[in-house]
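Heads up, there are several structures right after this.
Same chain, two partners: subunit A is paired with subunit B first, then with subunit C.
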Partner chain A sequence: MSPLVRWSPLTRRRWAAFRANRRGFVSAILFVALLAVSLASPWLAADRPWVVRLDGRWYWPLWQTVTEADLGGVFETAADFRDPYVVETLIRARGGWLWWPPIPYGYDTVDLDAPGPAPAPPDRRHWLGTDDLGRDVLARVLHGLRLSLLFGITLTLVSAVIGTLLGLWQGFAGGWVDLIAQRLIELWGAMPRLYILIIMSAVIEPGFGSLLSILLFFSWMSLVHVVRAETLRARNFDYVRAARALGVPEWRIAIRHVLPNALVAAMTYLPFQLAGSLTMLTSLDFLGLGLPPGSPSLGEMLQQGKANLHAPWLGLTAFIALAALFMLVVFIGEAARDAFDPRTTLSSRGAR
Partner chain B sequence: MADATALLSIRDLTVEFSLPDGPLRAVDGLSLDVGRGEVVGLVGESGSGKSVTALSVLRLLEGVARYPSGRIEWRAEGRPVDMLQLPEPRLRAIRGAEIGMVFQEPMTSLNPLHTIGRQLAEAIRLHRVATAADVRREVVEWLERVGLPEAHRRLDAWPHELSGGERQRVMIAMALINRPALLIADEPTTALDVTIQAQIVELVARLRAELGMAVLWITHDLGLLRRLADRIAVMYQGRKVEEGPADRILTSPQHPYTQRLVNALPAGGPAPVPPEAREVIAVEGLRVEFPVRRGLLRREVGAVRALAGLSLRLAEGESVGLVGESGSGKTTVALALLRLWARGMVRQTGAVVYQGRDLGALSRAELRGLRREMQIVFQDPFASLNPRMTVGQIVGEGLAVHEPALSSAERERRVGESLAALGLEAAHAHRYPHEFSGGQRQRIALARALVLRPRLVVLDEPTSALDVSLQAEIVNLLRAIQRERRVAFLLISHDLRVVRALCHRVIVLRRGEVVEQGPTAEVLSAPRSAYTRALIAAAFDYRAVEGPAA
Partner chain C sequence: MKRTAASAVAAVVLAGAGAIGPTASPARAAWSNGVWRGHALALHGEPKYPANFTHFDYVRPDAPKGGTLRLAEEGGFDSLNPFIPRGNAPLAMTLVFETLAVNSGDEPFTIYGMLAELIEMPTNRAWVTFHLRPEARWHDGRPVTSEDVVFSFQTLREKGAPTYRLYYRNVERVEAIDERTVRFQLSTNHPNRELPLIVGHLPVLPAHWWAGRDFGAVTLEPPLGSGPYRVAALEANRYILFERVPNYWGATVPAVQGMYNFDRVRYEVYRDATVSLEAFKAGAYDWRVEISAKDWAHGYRTPERDAGVMRCELFPSGRLASMQGFAFNLRRPIFADRRTRRAMQYAFDFEWANRALFHGQYRRCRSFFGQSELEARGLPEGEERRLLEELRARHGGAVPEEVFSQEYQPPRTDADRGETAHRLSVRTNLLEARRWLHEAGWQPRAGDGRLVHRELRDATGRALEFSFEILLVQPAFERVVLPFTLNLRRLGIEARVRTVDASVYMNRILAFDFDMVVSSWPMSESPGNEQRDYWHSLAADQPGSRNILGLANPAVDDLVEEVIRAEDRAALVARVRALDRLLQWGFYCIPNWYLPWNRIAFWDRFGYPPPHPEVGTHWIYWWLDAEKDATFAARREAARRRPDRGSQR
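Moving on to the complex of A and B:
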């Protein structure tokens, strides 16, 4: 057996320690499953069928524009598959068939044919009911999770890269670089970030990209301290000194000997930072300062739940979705932290 | 040797730990007696199970270790009890009152949040009822007894205000304050300098004569027990391999492992330096200061002097030893010579001339080119090898930098050669550091230094993190390397036995100043300063000499 990538024994022991933490490992599997399902939500919850068969021809409305004219109608506009005229008259009446996704509503589909008034409680038509505009809650939760996770993961990764590089630079260069950068970060960190976020989101047109950059203004700082401290510590390790004594150039010492240490410290923080990013986005959405109105967002659903206390399925759904998500992320974080803790994985030196 | 009257009888004791890959048997069928007032030494290398045995007597491994078989009988007063079966409240009454214990690490065994007076008073109150005045009087009396001067003024001292030796004295006072019948000492001097080690050994010998208690002294240093023990038991891989009166074990050991231990003390001397040897490095008036910085802009408000004016010369094939206690500036010399400071940390003056070039005047790039000729081996072989790299990568790293033209096959061959020269196998190159023992790791660190064919190697306490049984091995290896390659060694050590076996000349440092220097034989046989005399008595006889107090 020769794997393509040969893991160092340290990595293997850490992986074993992570797997040994059952709660963390199960959480990780569930999280990956949740991520996969939510990433697939545009195809699992959509207001167009996966496939239409008509007159011996295949149509794929999710992936191509299918006009009414294509289906034998009059208009040259995209066919509205929620319109009984299209489904019954144009397709079924002419011997064709279509195959819907498991949730036949998009996040912005308003169910105009609902039997009762919106918001409607859960039933077979809408598994989690509808919100006060008559949109399917399950579809919105799935799309909302997808948006939140994409947003949170992007924010976490970008700020981790910035934070790690800055921390590494500061810790390794030391002296004036470190001094000035630390003071700047202290000043920057002392700014009232919520006010600034509110002001900025009032000035800038809110959207995925703009919101991401606004939050990035502050979130890059959290990792700098950890990586810097870890680098300062590693700078005096014997094996870093030994490498310097061998004449290894500084940048190479930084990459080969110091960065892996700093990365370990950074990695244990990532899940917790992801949780922080998700909270931030949710609270901004809840306050109405986040993503543009109509976007599927968990914060907006919480807001709806608060406005419609007579429809508890709205608030409960958003609450349960958020609580489960945070719980998974924190459990993963705890397991990762323990796995990276040298006391649990490097005990071969322990006294006997 | 079943003794029905012995104070402590360990019978057929087996201790196991549960590891992910199966149980680990740390102690295997051990039987051992400690009589009343007797000093028993328990010797073995790290991992031999000696500390596990000591901790098991007080059941301090509860919840961690399992005891498939064995009894630990304690006969302090009247009928014997089995420590392994005793209920917890009864056990607590024995711990600290009938059996006292001193641990290896004085830095962590005192609580940093309480004054020493309070910690000692607590030790009394746990087991006896006494008035505050009586407790205070007794604490002062004990602090004086363990040799802490002006004890009444130091009751309110915090642990961090004491030196390592003083903390160990406080620990001994705490262990003995209830006049236990048995003192268990688990390598209490391993973390200390040789001079302080000698003082502690002397202290325990005196207290034992005064109080008539029994002592179970655990150590890996057989020579130390010569001063102390009535009887010695030797452990190897969890089993007792030999036991007998101290004199008999030390003079005519029977078991091969004991024989190896007794003969482990480094002997002999270095090969003479050939007269035509050229000078490698010359140091003139080397001074090092650590600036003390304060405030927002880190203005310099003062400096701590680490080294005040050191001069030395080293020729090809010559070794110079640098000795002194911790804090004497030995390691500072190594870092200053090789300029291994992180930027802006120190101020260094004086000339370091390597083969006619002043290292202080070189640019960083020029210095980097010279580095291959000046190497260093560190004290702790666990810390000096990057755990994420294979042995081949570690040893080959310097080659990749200094001979980038080398093909990877050629580099691999050189690495293999270097490993083979140090008694390792070329196949070891694909393994990771954690798979090797301490002695093997130190060989890997040596291989990394020697693969570049250096002319000067600084050895910073290369043997002090290793078991005694390995020291002689490393010393012989170093001597052979020097004979073959005519490398110059600068050996930094607090152990004069290693220095005697390896060095032509010796420099004694104290608090950054040179106390004495000269040819090794001369300095050791006729030391001129009191400080050197104290070092020699401590290293060779474990005797404390009146003079500089710790």
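Moving on to the complex of A and C:
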């Protein structure tokens, strides 16, 4: 139904412009790859094997709860496959076998068997070393990226929807509605958001959902202005007036004729919005006010890097992961902005 | 003193530096006609130091004076009045004020006259009289009088921190008998051996200076005191500079000989521990108590240290190692059963934490009065056993059977004997835990193995689930607690960890709204009244009391009263040991660890008396070593330029 799905010539030209921007295009590919790898991290880095074969039966500990009692042990809770009793006595000694993921540590697996004190430097056992609890840094970065990306993308999309609808309404209705809503947004935007977030996270028990809603309180605003401005501009275009003259209902005009224009502006804004969401989450985690303790988070790893200056692999890993992520997102954003810019799109050469 | 309540729960860290009693001269101290007259007053028996003593054993009496000592304070301050609940005053404000008497560091509990030269007390302890030294002066030159003492007492009780009200609850009245004699009338309804000594800890404030000033208000005006230092300069939340008072009146008082040697003491405020450590290494301040095992092991790798210009030394930190542990809130139905709490002891792998997280620097707590003669060891004997048997006869089940038959030891794991042995020992412990949980009525739910109770029901009438929250205020504890929750998860117990900021934390502690917290129970060599606040059932329902456990055990109640009433040291020791046993076998907390040393890092410019095994150390009796100081700058420069700089790992 949306005209963006049908590949209009304009869309095709924009896509070509985006592709022509090498840096942006490569970033987009890398970003998608990173997203895919991090989304797969629960299966790439886990402290449970992919599959266990024992007594002619298959067990899939990553997809089902396999208790120790299932394997012939005692505890009725999920089996600890890092316990040599489970692996050696219950499985291998009875002719069974198991197949581990490439990184045999989850984000919360404390490596109880590491020889030295935590944090331990990178070695063959832990490619990026361990943090100050003895957890594998590589596993935590992967899981951390996944959580950050999921969080950032969700936050961006939800605030984009809210922001677009509000902006559309404001711009289309104009007059008093617009005036009052604008002033309210200015008031709301003038609030010191970091402090409010800090206070709220002291009252509300932080979790993925609650943190998302708290951050949403403020992040919906950024798109309103863009969409409103576009709408204000578009509502007096000839084709809009023509549609109105033909008796098309207002809401329909808004959705059919005005929204697509506004969306173009919104789209170019999204990558930057994503980068902003990631920064916000990371800074809250860094301050210890974000996700609950134990969650894989890049902010927490930065915090650990700060508290363990003698363990540079912590700070460096978190820094490189975040810097790379932001860089990709910003490059994509720039390319998208250029692609949507009529001056570059309509010129014969495309983008730089 | 104001901070004791807060620091008991908030600053539970890692066995801190013992309080050092800074510190007086009649010819003889003795009982005559049922009245003690002397330079000092001991809780039990006679003071260690005679009336003609010249200094405490753990100081160097002729320590050279002079120089500046720069220190750091973490947190910040916005007030200079440490006696009121409002505002944050620097801890060091005690340098400005003096008390009637001070503790010695190497006795269980004896006070020596500071502002007072003579202390009198009758055998029934119905009153205590202090005779002020005629030479005692305020910094403005006016004499310290008994009117000042009366003023201080009343002001602190009316407008001071609630602690003072609690401390001096049983003081009936105070009267100035003459210019320099003041008498405290003590209530005889509540026999309380400690009270006369605690009265001696009363800070004395100048009545003439406070006239016309509001005592209850937060202020940054440097207050007038009589102590060895006064505030010379400050900037709120940045720094405070103390300077030694010229012609300090107390320079000849025996109890402060060899102390307060620096001309200036400057505290720099740091908000962040990492920054504070780096600032120390950069030479921004001179002397630092390290509270982190990790930083002690890794944080001081500098060429200056290799060259001996910066020194990191361990000083034995005194006798008594108080208990720190994960405290259960017994008000919660899930923790009401002793067997449940016993089971949970097995889930905390201290040996691993000590090896992997603490670099092996800590020792496990097993007693509430560790490393002292008050600690319960072996099996109860003699008077102690008689007491416990009497309690058992009176209260039956309130006295666990194991008290008579076993020595309490927290569960251990073989963290140092290789991977497999360690894992197996953890497993053995968890199996033991599982057995106790089963006995306490917990059973795994089909499907996920989560423990639910066979009989207990939650508010909605469903079987009670074993799920709770560990409330933290120091993020540093997360690394200790998370592996513990993983072990609990294996048992089918869901433990969540939540770190909150200090104000939320304090409110929840005061309202007893928590499941489990890290708590410590600071103890002195001479347990007394505070035991009522820690353990008595009356305190359990009193919001804000220190019975955060919610402990209400009739046998413990009786024993606490016996401890407070103990007439001599031998009786006290027996009773405290019996109390220790009841507390150990009640499994009221999962014991953590203590540090048997003070970790002190300092730049090599100072001298200090030989470390005293019972006292630990404190900068108060350190001094600037002129010889070391003369070459210090050159040595430091040389160390920095050494070719192997930074090569050490």
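We take it that the second predicted complex is superposed on the first by the 336 of 352 C-alpha atoms of A that agree within 3 Å, B and C clash if a C-alpha of one lies under 4 Å from a C-alpha of the other, contacts with A are read in each partner's own complex, and residues count from 1 in each chain.
Rule of thumb we're sticking to: a contact is a pair of C-beta atoms (placed from the backbone, for glycine too) under 8 Å apart; a residue touches a chain by one contact, two chains touch by 3 or more.
Please read these numbers as outputs of a predicted model, since none were measured by experiment.
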item: Room on subunit A for both subunit B and subunit C (clash or fit); value: fit
item: Subunit B versus subunit C as contact partner of A:40, first or second or both or neither; value: neither
item: Subunit B versus subunit C as contact partner of A:249, first or second or both or neither; value: first
item: Partner chain(s) touched by A:288 [first = subunit B, second = subunit C, both, neither]; value: second
item: Contacts of A:65 with subunit B and subunit C, given as first, second, both or neither; value: second
item: Touched partner set for A:132, first subunit B, second subunit C, both or neither; value: second
item: Contacts of A:113 with subunit B and subunit C, given as first, second, both or neither; value: second
item: First, second, both or neither for A:310, with subunit B first and subunit C second; value: second
item: Contacts of A:260 with subunit B and subunit C, given as first, second, both or neither; value: first
item: First, second, both or neither for A:323, with subunit B first and subunit C second; value: neither
item: Nearest Cα pair across subunit B and subunit C, whole Å; value: 42
item: Common interface residues of subunit A - those touching subunit B in one complex and subunit C in the other; value: none
item: Parts of subunit B lying in touch with subunit A, wherever the complex brings them together; value: 20, 26, 46-49, 51-52, 104, 296-298, 335, 338, 340, 342-344, 368-372, 374-376, 378-380, 382-389, 397-398, 401-402, 432, 434-435, 445, 448, 452
item: In the complex with subunit C, residue positions of subunit A that touch it; value: 65, 67, 69, 74-78, 80, 82-85, 108, 110, 112-114, 116-118, 132-134, 202, 205, 288, 292-294, 306-311
item: Complex contacts: residues of subunit A adjacent to subunit B; value: 8-10, 16, 20, 173-175, 179, 183, 235-239, 241-249, 252, 256-257, 260, 346, 348-349, 351-352
item: Subunit C residues within the subunit A interface of the complex; value: 273-274, 278, 294, 297-299, 301, 349, 352, 355-359, 419-420, 422-424, 426-427, 430-431, 434, 444, 447-450, 472, 475, 478-479, 481-483, 485-486, 489-492, 496-501, 504
